[in-house]
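What follows is a single structure, and I will ask about it in a moment.
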Amino acid sequence: MKNWFTLLCLAAVALAPGCRPSRQDQSGPPPSGQQLTVGVAFETLQTEFWVAALAAFKDELGQRNIKMLEAIADGDANRQIEQVKNFITRKVDGIVLVPKDAKACLPIIKAANAANIPIVLFNRPPEKSDARSVAVVADNFSLTRETVAYLVSAARKTGAKHKALIVIGDLGDVNAIGRRDGFDAAVQEAGDLIEVVARVPSEWNQEKAQAGVVNALQANPDISFLFTSSDFLFPSIVSALKTAGKYKKTGEPGHVILGGFDGDATAYQMLVEGYLDATGVQDVYFEVAASVQAILDARAGKPVADTIRDPGFVIHQGNLKEKARRMWGAQVKK
Amino acid sequence: MKGHWPNALLPALNHASLMLFVSVLLGFGLLSPRFLTPDNLLNILIQASSTAIVAIGMTFVLLTAGVDLSVGAIMFVSAAAAGKMTLAGVALPWALVVMMLIGLGCGAVNALLITRLGVMAFIATLGTLYLGRGLGLFITETRAMNLPEAFLWIGVARVPILPLRALAGGSTGWLEVPLPVLILAAVALLAHVILTRTPFGRQIYAVGNDLEVARKAGINPRRILASVYFISGACAALGGILSLAQLGAVSPTFGNQREFAAIAAAVLGGTSLFGGRGQVWPGTVLGAILIQSVENGLVIVNADPYLYPLVTSAIIFLAVLIDSLRSGLLERLRRRKIRVEENGSPA
Amino acid sequence: MPTSSRLIRVDHEPRTTNRFVRWLLSEYLVLWLSALYFLVLAPFTAGFASPENLTNILATLLPLFVVATGQTVVLITGGIDLSISSIMALASVGGAMVMNGDNGWLANHPLAVPAGVAVMLLLGALVGLLNGAAVTLFRMPPFIVTLTSMMFFSGLAIWLTKSKTIYHLPAAFNALGGRIAIAFGITAILGVVTHVMLGRSLFGRWLYAVGQNPKAARSSGVPVGGVVVAAYVASGLLAALASALYTGQAETGSPVLGQRLLLDIIGATVIGGTSLFGGRGKVLWTLFGVLFIKLIDNSLNLLNLSLFAITMVKGGVILLAALIDAVRTRVLTGRR
Amino acid sequence: MNAAALLQFDGIGKSFAGVPVLREVTFSVLPGRTVGLVGENGAGKSTLMNILGGNLQPDTGRLLFDGRPYAPRSPTEAARQGIAFIHQELNLFTNLSLAENLFITAFPRAGGLPLIARKALRAQASALLAEVGLDLPPDTLVERLSAGERQLVEIAKALSLEARLIIFDEPTTSLSARETKALFALIGRLRARGIALIYISHILDDVLRLSDQIVVLRDGELVGHGPCAQFDRASLIALMVGRNLSQGYPVRGSTPSAEPVLEVEALSQPGVIREISFTLHRGEVLGASGLMGAGRSELARILFGLDPCQRGSIRLNGRSLARQSCGKRIRQGLAFLTENRREEGLCLEASIADNIALVSLRRYSQPPVGLLKLEAIRDAVARMGNAVRLAARAGGEQPVKTLSGGNQQKVVLAKWLLARPDVLILDEPTRGIDVGAKFEVYQLIRELADQGAGILLISSELEELIGLCDRILVLRHGEIKDCLRRDQFDRERILRSALQETTDR
């Protein structure tokens, strides 16, 4: 009991000096300006995609003169809950959330609802529930499916049968699973043409991805069709292909049909150089703009759809020119 | 300790670790004809080289009854710095030199904390683990960096070492060995010689066995302890170089959790976590290779991705189990032997 | 040998100052540090001291404390339990499989919640039992035993769910972790019970004896093996309970629950003052350690720092605490 | 003042926290001569030696080595001067080989390289080993050596450093008779080489036998100093204790009853003991004599359930103990004071109170959850503390590791007395503790026996056995070779049956 007592005492003591200054700060949106504050809580910054997205938010909010608070949960669902609660504590005017996963965010949304703060789930949909939120999402499953479908069509043109390899992401990550399922769906339709001979779990880790691909190529030197659940793994995959001497441009003999997801700078480069056949691009700028708009609308009391779909798009040699400007990877490059 | 079965069992157990190793190789070999091909075995070596070198450094630390949790972070920091430099146009050799220096620097920090400021190794290196990761993230701006071709060259380069007649593989009529494997071999050899043939090496064992006695005997424990953390830091950096050479990119997860892989490899090789017992060759090196073989084999036989952690952990557990049984048995036998000359001091 | 000289010095040292030094330097140091940290930061950190935030801190502190308590018990025996995070994941998944409203074995059954919790605890105890058995029967190093079981059981958890997180848990269950009052109640009771267990029970004394000198303990009739196994089982149980709280908080059974908590937990325990070499440790200390870590985490988030800064500051603070501890022990031994 | 002196202590004084532990100690050590240094624990011997070894610096007075002032700041410095210590607990690296232990700081190098010249190492090592008469390959790991052999390695180490003064601190405590004999022979050879020796021991007979000069310390003061001939056992003890313990062993109150308390029948464990049978009666002190390694401690460990046993029966108060854990046996009334209190007897970090209470905790715990009656425990501990005349602060909060050997042993005794055993097995209860404490231990043993407990006393000091026991068993090679009643006691006969060839300590 003593220990709890001490703890509570500590809290009590702390309150006195603590509150005053924090008040001051919370009147932070000064009386003069209508400047709003939006809290942006990301689950991770481990890949360029998220970095780009965060940057996009900075620009978007900056242009609209909205103050931005950021918090990165570093992959910890419970820490994320804490962080968003912090936002709420600081009376932000809107919350953008990249949840650790689709369901863990429910209590967060409820908390936001309770505090009557509009909350947008960025890029990852919440589970259906009575919690009110706006989700801006690119559908991993269908976009991957589209992308792979394009790769399959490319494979058809070669006229030969293909042995396929998929690099799977972290088995604990819903996106990875969504993309894996999208891939499976697409290749099953082409069962006659594509045989999946290797599934490499990368745990979103370059080293494992690289080793895995090398080993897979070792086991099946005739692999001619490769899809990675995220473009950020390309560097290691490319080096693996190089070691096996199978890194060839499209159309060259021995070319391995390459596909990815995200549309990052590496992928853009590879497209330009003609090594990459296609990648599924999430339209970050669309998603960001939509998110911010959704928050403003909600504050203005306008009706907002509970799900805003980012159609995304498959970018490939064919449509590179016209799509490049909407490919975030291409923008980052510049 | 009933009857005589221990005496019968001991020889078996003595080579059990090796037998396990062989049986893993054979097992995968049976499952897939491609596993035991020279190319694939070479592959395993290349892929194991990085972890093996880090684990060698770790062995030095473990021998002194310490631990270095910061190796993964060290890999990350040094790699990140090197990446930035090469992207900024610095020549590869210089980048590599800087990596090694950073490795030594981190080792120095650990050494300082542990030997001068008297912080427990576990906590000290836990702290530097966080510091290192944070610093790395800062340098990389938490995004992946793609490195110039030059790095990959280290990974793929093959060095002809001896002319060969009938041996397979060498197209040029020379037996060629991939550079990473060569580096691993060199490091392993060097470490082995240091540990077994130099006063410094033997004093490491002495300190690990009993620090107080070592001090009384006139050894300077601080010097020994400090130097093992330097070594570990340098090995981490070198391991970082080899991973980089295979990846050609630095991602924010680079080197993550490598400390566990390294410790596991060392312990698989029979290194005790309580100091004073263990060796780099064959111990640690084989340990690292064993782990890598399993990972490799699982891919080769296209196993269900979900099985990976299960199989890997099971095999590590098995290896350590065997080792413990063996040492337990040795103890019993030794106790009986002693009794005759001396008061049966408790085993 | 300096023993006799030391003896003399100790004997003639006035006891009170010795006591005083101990009390000031050891027992409550970390608590004071936490308080200091809090008071210093509160003025500069928006909302750090706001009631809501303090409740947040408390809410996230509770489960961490529960699992850290288990870790403390194991550390006292001179072992270490790295498998706690995987136990949490496995229990979370297992419990959710039983309870969830969609395809749970006891979906919407009145007994779903008790059964689910029972399953979670059972899983925790089971893993703990395996750890303990391996450590005592085969005399394997705890570090490796629990390291491998960490890999194995977290892998198992992911496999069982095929990576899917499980949701639609009974509201009654979510209340466990979600309703802070309940969570607090559970944790408080646990804390007190473990505290008493360690301080004033037969088992507690045995734990310390085993940690200090297993041989002497054995020859004094302490069932060493049993005690060690019990320690790991206790750790498993507490991890499972923490998992229940977390799962309730997140309202989902997740196969990757607590994956990143491991080092935090051990760090908190050791910063509290529990020795990694056994024989020394207290629930109270662990509470302080956890409080310390949590305060830092929370404040760093509030300060709106970027990830790298957070990571680095965390490392720095851990080192700082360790340094202070090192200095403290030096002072103590110096006084001796 | 002695010009020829190799080492000269000149008015050495030292005090801790204002409490003097050495006062004006002055004596000298001649080359090729042995000085016996005796005194109770805490008399200042260790402090004096720590000063000599450079672990401590004196407050007053000075040291002269070779006529030159000598003030070592560290053990290494002392070693460099040629002063070597052979400690009670040996300072060897068990995971290294003999050779490596000998040269750990001075390996022979191969040419200019930092590599160890293995051949040279082996050669030099075996030369040294030969000098101390240890016939083992230099590659043998130390962990495989017996205590005696390790002792010899230590001495070889001293020789390798060209020591001119060697200090032996309780060297024989863990040696068998044969090994002790070898050691003494070696000491003779060392003297012949002109090496000066300081011999510290509680076994006065050894001191009297080996020394040229004897120095007696009490409470930090030099109370006796002179050629060996001036002293005998009684006078030494009188000087050390400061009072006259003319008749050393306590008088027995009662005579042992005929009622058996411990019955052992045909106890056998291959490779350890064979066909051991005896009966211990209430109030009886049964001695177990024999060389180290005769199987005495093994027998004790088996009786107590620490080691397994294949055949035979053990009955305590008529109830069989077969296949029972130590815990069970303790609850049945068995108690065992192990021979090495540091390793197996005590939790050194823990407090005196916790150590004393450990065995009996069960009795003070209440079901269901086993909460402890702390008050009751505190009282019981205090009671025991007084019973064994423990010289420690009230409350017993202080860690056991800060106590002297004697007091530590008393703590272990108190621990077992608190368990109120019917049978108490004592393995070398007085090893390495000072004379005063010794006699107090004898007292306690006696009292316990008079209260009707049966006692099995294992000891290497015949005096002790003869003084205390009602009967003495003699073991050799794990078998009982002889059993003497009190009226038959006779050193010769005991020794003869203990070893085929007749030797004496």
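In this document, chain identifiers A, B, C and D correspond to the written order of the chains, with residue numbering beginning at 1 in each.
What we mean here is this: a contact is a pair of C-beta atoms (placed from the backbone, for glycine too) under 8 Å apart; a residue touches a chain by one contact, two chains touch by 3 or more.
Only a predicted model underlies this, so the values are computations on that prediction, with no experimental measurement involved.
Colleague: Kindly list the shared contact partners of subunit B and subunit D, in label order.
Modeller: Expected: C.
Colleague: Could you tell me which chain lies farthest from subunit B when each chain's centre is the average position of its Cα atoms?
Modeller: D
Colleague: Centroid from C-alpha atoms only, then distance subunit C to subunit D, rounded to Å. What do you get?
Modeller: 43
Colleague: With centres defined as the mean C-alpha position, give me the subunit A-subunit D separation in Å.
Modeller: 71
Colleague: Using CA atom averages as chain centres, what separation in Å is found between subunit B and subunit C?
Modeller: Roughly 30 Å separates the two chain centres.
Colleague: Could you grab the centroid distance between subunit A and subunit C? Build each centroid from C-alpha atoms only and quote it in angstrom.
Modeller: Computed from C-alpha means, the inter-chain centre distance equals 33 Å.
Colleague: I need the residues of subunit D touching at least two other chains; which ones are they?
Modeller: 306, 338, 343-344
Colleague: At least two partner chains per residue is the criterion; list those residues in subunit B.
Modeller: 137, 142, 306, 308, 346
Colleague: Spell out, as numbers or ranges, the residues of subunit C touching 2 or more other chains.
Modeller: 158, 162, 215, 306-307, 310-311
Colleague: Each pair of chains that touch: what are they?
Modeller: Listed in label order, the chain pairs in contact are A-B, A-C, B-C, B-D, C-D.
Colleague: Spell out the part of subunit B that touches subunit D in their complex, as residue ranges.
Modeller: Within the complex, subunit B touches subunit D at residues 1-2, 193, 197-200, 202-203, 205-206, 208-210, 213-219, 276-277, 334, 336-346.
Colleague: Which part of subunit B faces subunit C closely enough to touch in the complex?
Modeller: So the residues of subunit B in touch with subunit C come to 69, 113, 117-120, 122-124, 126-138, 142, 260, 263-264, 267, 272-274, 306-310, 312-314, 316-317, 320-321, 324-325, 328, 346.
Colleague: Touching residues of subunit D toward subunit B in the complex: what are they?
Modeller: Checking each residue of subunit D against subunit B gives 75-76, 79, 91-96, 100, 104-105, 107, 109, 114-116, 118, 143-144, 146-149, 174, 176, 271-272, 292-293, 295, 297-298, 301, 306, 308, 310, 338-340, 343-344.
Colleague: Okay, in this complex, where on subunit C does subunit A touch?
Modeller: Spelled out, the residues of subunit C in touch with subunit A are 31, 34-35, 38-39, 42-54, 56, 58-60, 63, 158, 162-165, 167, 178, 188, 191-192, 195, 246, 249-252, 254-257, 259-261, 283-284, 287, 291, 297-298, 301-302, 304, 306-307, 310-311.
Colleague: What part of subunit C is in contact with subunit D in the complex they form?
Modeller: 1-13, 15, 196-197, 200-203, 205-206, 208-209, 212-213, 215-223, 279-280
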